[in-house]
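Please go over the structures that come below.
One chain, chain A, links the two complexes that follow: it is found with chain B in the first and with chain C in the second.
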Partner chain A sequence: MIHLFHFFLGPFQDFAFMRHALVACLALALGCGPVGVLLVLKRMSLVGDALSHAVLPGVAIGFLVSGLSLYAMTLGGIVAGLAVALVAGVVARFTLLKEDASFAAVYLMSLALGVLIVSLRGSNIDLIHILFGTILAVDDADLILVACISSITLVTLALIYRPLVVECFDPGYLRSVGGWGAMMHFIFLVLVVLNLVAGFRALGTLMAVGLMMVPAASARFWAREVWSMALVAVFIAMLSGYTGLILSFYVNLPSGPAIILTAGLCYVCSVIVGIHGSVYSRRRLGLHLGG
Partner chain B sequence: MNPIVLHDLTLGYDGHPAVHHLSGVFEAGSMTAVVGPNGSGKSTLLKGLTGILHPLGGRIDRGNLKTSRIAYLPQAAEIDRSFPITVLDVVSLGLWHHVGMFGGLTSRHWQQARQALGSVGLSGFETRAIGNLSAGQFQRVLFARLLLQDCSVILLDEPFTAIDERTTADLLDVVRGWHAEKRTIIAVLHDMEQVHLFFPRTLMLAREPIGWGDTAEILTPENLQLSRRMCEAWDEAAEVCLIGEP
Partner chain C sequence: MLIAARITALVLALFLAAGGPAAGAEKKVKVVASFSILGDMVKNVGGDRVEVTTLVGPNGDAHVYEPTPADAKAVSAADLVVVNGLGMEGWMDRLIKTAGYKGPEVVATKGIKPREMTAEETEEHEHGAKHKIDPHAWQNLANGQIYADNIAKGLSAVDQAGAATYKANADAYKAKLAALNQWVKKEFSSIPKAKRRMITSHDAFGYLGAAYGVTILSPMGVSTESEPSAGGVAKLIDQIRKQKITAVFIENVSDPRLVEQISKESGVKLGGELYSDALSKPDESAPTYIDMFKNNVPKMVEAMKKGL
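Then we have the complex of A and B:
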């Protein structure tokens, strides 16, 4: 029994860097869970992906100006992410291009610019750190940043929950009662960018979006309301964070991919045995898939 | 309550008119059917009345009525039916005017929502997900939400399309209840018999307004034929106009 406890908790008791990493993951999960769920419900899953790449040039410019400084890179990432969201949104609103296509175009330009900037100055190791993160080197400043962003996310979501959900489900109704649909959409995109930036330090720009989207996509199979889906997503994200860290500790895997792959495993299980609309539940009900 | 007055109203998209030079009055407490072939501008007119669509020309005089206090039921296609939300939550959105974006719902509000659900015949469906409802049941849910909105002007866009007879009859009862309460009702309809039986006033559109008045005077065989002919002309014109569009 004691051996088991030691196996599952020991790494966090013995090593400060593991504790830091765990707390970062749990805090990230709190913010990313609900944001990811709303992205899935808005059918914007890939926009999250696009935005996660879009923060790169901002991070890179921050890096260029002041090296691996947390504040410069964070600020750069937020500015770049918001700029891409704004430009893509404006293009979608005022031209015939749909939002997904305009997002793709703008984020690819942004990503290319980011890679260009990093490779002009940094070594390949720096690029790897920025793309894939260094969760095992999360320090106190990182933790405070992640905690702040998670708190801001949860408070903001609590405030604008109703109009945001109605904007997803029945935008026409929100318009007809005079709700601020476009404003809600933009506030939400700001939250997406903030959470991606919170995640980039720990998981890297490429992996940050994983903790947002994979648990959210899994949650669809377990819950039938937005708030319960968000709870399930947070739970899966936390579980993945913990399990991924344990795995990376004992098997000596890079932590970011280990965490996202654990979430991926949860996703596969959810698709197969989830209680709402999974392969298993559809089969049990005697439904068959359309040809 | 004020009438809604249209002054030489032209509505459309990208500069192409769908409702052309329409003038007239929806009297307070009147119940009007808007009929006409597809593409004759019926839905566009409703969007104009709600304030979603701004006039290309002319104007709409709503008196002191705020557009947010006009209840509007669009065609069901605009709603994501797979969204994870319960029936009672959807109905309770009808209380938006009372609770706003941020306010909480009291137990009295929930009670009102349950009552509204009961009066459209869906007691016991409170916690069901909307994805599990039939088209008819879902339309009943939307009517319950309209009941809670408690607006003096109610716009319905093809409310009974693809709905079975029993549901249509029940929902028509709800509409007649609104009429008895002196609310102004404007509904886009395709079933001429329904219009004859239940709607005292009719506005017939087909690119241009064909007639607006008492239903018996408007729904004449000549007018119906005229609207069909104009519809055909409209279709040919539409083909030409669509060139260069996406």
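Then we have the complex of A and C:
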């Protein structure tokens, strides 16, 4: 019993960097779970990937202004991410183009601009490589950043939960009763950018986008309400964070991939045996109908 | 008639006087070096006869570099390309092909006995990077002298008129490196061998370790591309605590955060920044290959002394 206890908790008792990594995962899971679920429901699941490229011009300008300062580069990244999300959102709202297409167009423009700025300066440093952190190197400042962003996310979501969900399923409704729909959508986009860019800086792109999207996609198979889906997503994200770190500790696997692959395993299981719309449940349903 | 002839002669003389050196200057050998350390060596060996373009500049990371069109242009216009080899510049072959460069290529590590990573090391650093051979050969000053010879040979082949100059320059440079090598050995000899241990952010000092009897540990593999595992980092922290290692360093090309974390956790103060894979900008502390050692070695020795 003691051995088992030591096996599962020992690494976190002995090493501060393991504690930091675990807390960062848990905090990130809290904020990213609900945001990820809403992204899945809004069919914007690939926005995270797009944003990881879209931040480049901001990072580059941050670098030009103040050298290799992580703060300037993070701030630049957030500003660039927000600009891309907002411009793409406005285009999707007020023209016939859908969200995915407008996002693709704007993020590519942003990426190109970033490459241009980096090249004009003639610098050979891979800025993104420097900005994006790793889960094992999370320090106090990173933890505070992630914790703040998660708190802001949860409070904001609690405040705008109802209109946001309505907007999510029936964008026309809020527009017909007043202009709040667009407002909700933009507040939500700001949350997405904050969560992702903070995540990139503290943990790297793979962790930030992966911990947001993979659990959210898995949660779709286990719950029907938005809130319960978000709960499942948070649970899966936390479980993956813990299991992945333990695996990385004992089996010597790189931590980021270990965590995301654990989440991926949850996803595969969900796809096969989940309660709602999984392979198994559809097959059973099909048999019922047939019989 | 006489005056006309005189004027012609004068004009001709002026033309020759002005044109002579100018023509010589235009004929400078255009050399492209893959990264800053090689660039500095080529400058030392080539002197005024060469014009060096360095692809990966100061503080740049040659492991994960992405070439630009300007690089392709420089390579296609070059008379000679100098690379490190041993798997350092994975992107170089494609760049040479893309640029349509058909000229000679100097592999600076030719003739150097490549350092294989030991079984334990490769096991630890297996994930991601597959390099089993350590490319950072310049971290041993004896190898640096072989680099200089290889570069001189390559330059002489494309510019035979300058062969004597290159030989003389290379010899002078090698003498400086040999003297520096003696100094480095003396510096390290002040520390008992068992205490010559240090931690760096990526494993770039293997040759230095082998040459001067220093044990080097690092959380990342030889390449900056790979990602560390929690188990590996934990083992390193344990090792620092148990063996009371006092020398922990960050490098100019890699993310300092992981090593900062490790130093904080194990209670060891960081010994400063080492230059490993790239030189610094001219106004910083390691703008040349020689300055790099003059910056790195005292920092290493000082940090190790704290553990005595």
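Note that the second predicted complex is superposed on the first by the 235 of 291 C-alpha atoms of A that agree within 3 Å, B and C clash if a C-alpha of one lies under 4 Å from a C-alpha of the other, contacts with A are read in each partner's own complex, and residues count from 1 in each chain.
As a working rule, a residue touches a chain if its C-beta (ideal position, glycine included) is under 8 Å from a C-beta of that chain, and two chains touch if they have at least 3 such contacts.
Predicted model only: the values in this text are computed from it and were never measured.
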Discussion item. By the touch definition at the top of the document, which applies to A:I2: first (chain B), second (chain C), both, or neither?
Written reply: neither
Fill in: chain B versus chain C, judged by how many residues of chain A each one touches
C
Discussion item. Contact-wise, after the overlay, does A:R224 reach chain B, chain C, both or neither (first, second, both, neither)?
Written reply: first
Discussion item. Applying the document's definition of touch, where does A:L120 land relative to chain B and chain C: first, second, both, or neither?
Written reply: neither
Response to the item:
On chain A, the footprints of chain B and chain C overlap at residues none
Worksheet, complete the sentence: Counting only contacts in the complex, chain B reaches chain A at residues 50, 52, 66-68, 70-72, 74, 78-80, 83-86, 89, 93, 96-97, 101-102, 129, 149, 246
Worksheet item: What does chain A use to touch chain C in their complex?
Response: 11, 14-18, 20-21, 119, 122-126, 129-130, 133-134, 136-139, 245, 248-258
Worksheet item: Inside the complex, what are the residues of chain A that reach chain B?
Response: 41, 96, 159-160, 162-163, 165-166, 168-173, 175-180, 220, 223-226, 229
Item to complete: Would you pull the chain C residues touching chain A in the complex into a rising list?
Response: 55-57, 59-61, 64-66, 68, 70, 124, 127-128, 219, 224, 226-234, 237, 255, 257-258, 260-262, 264-265
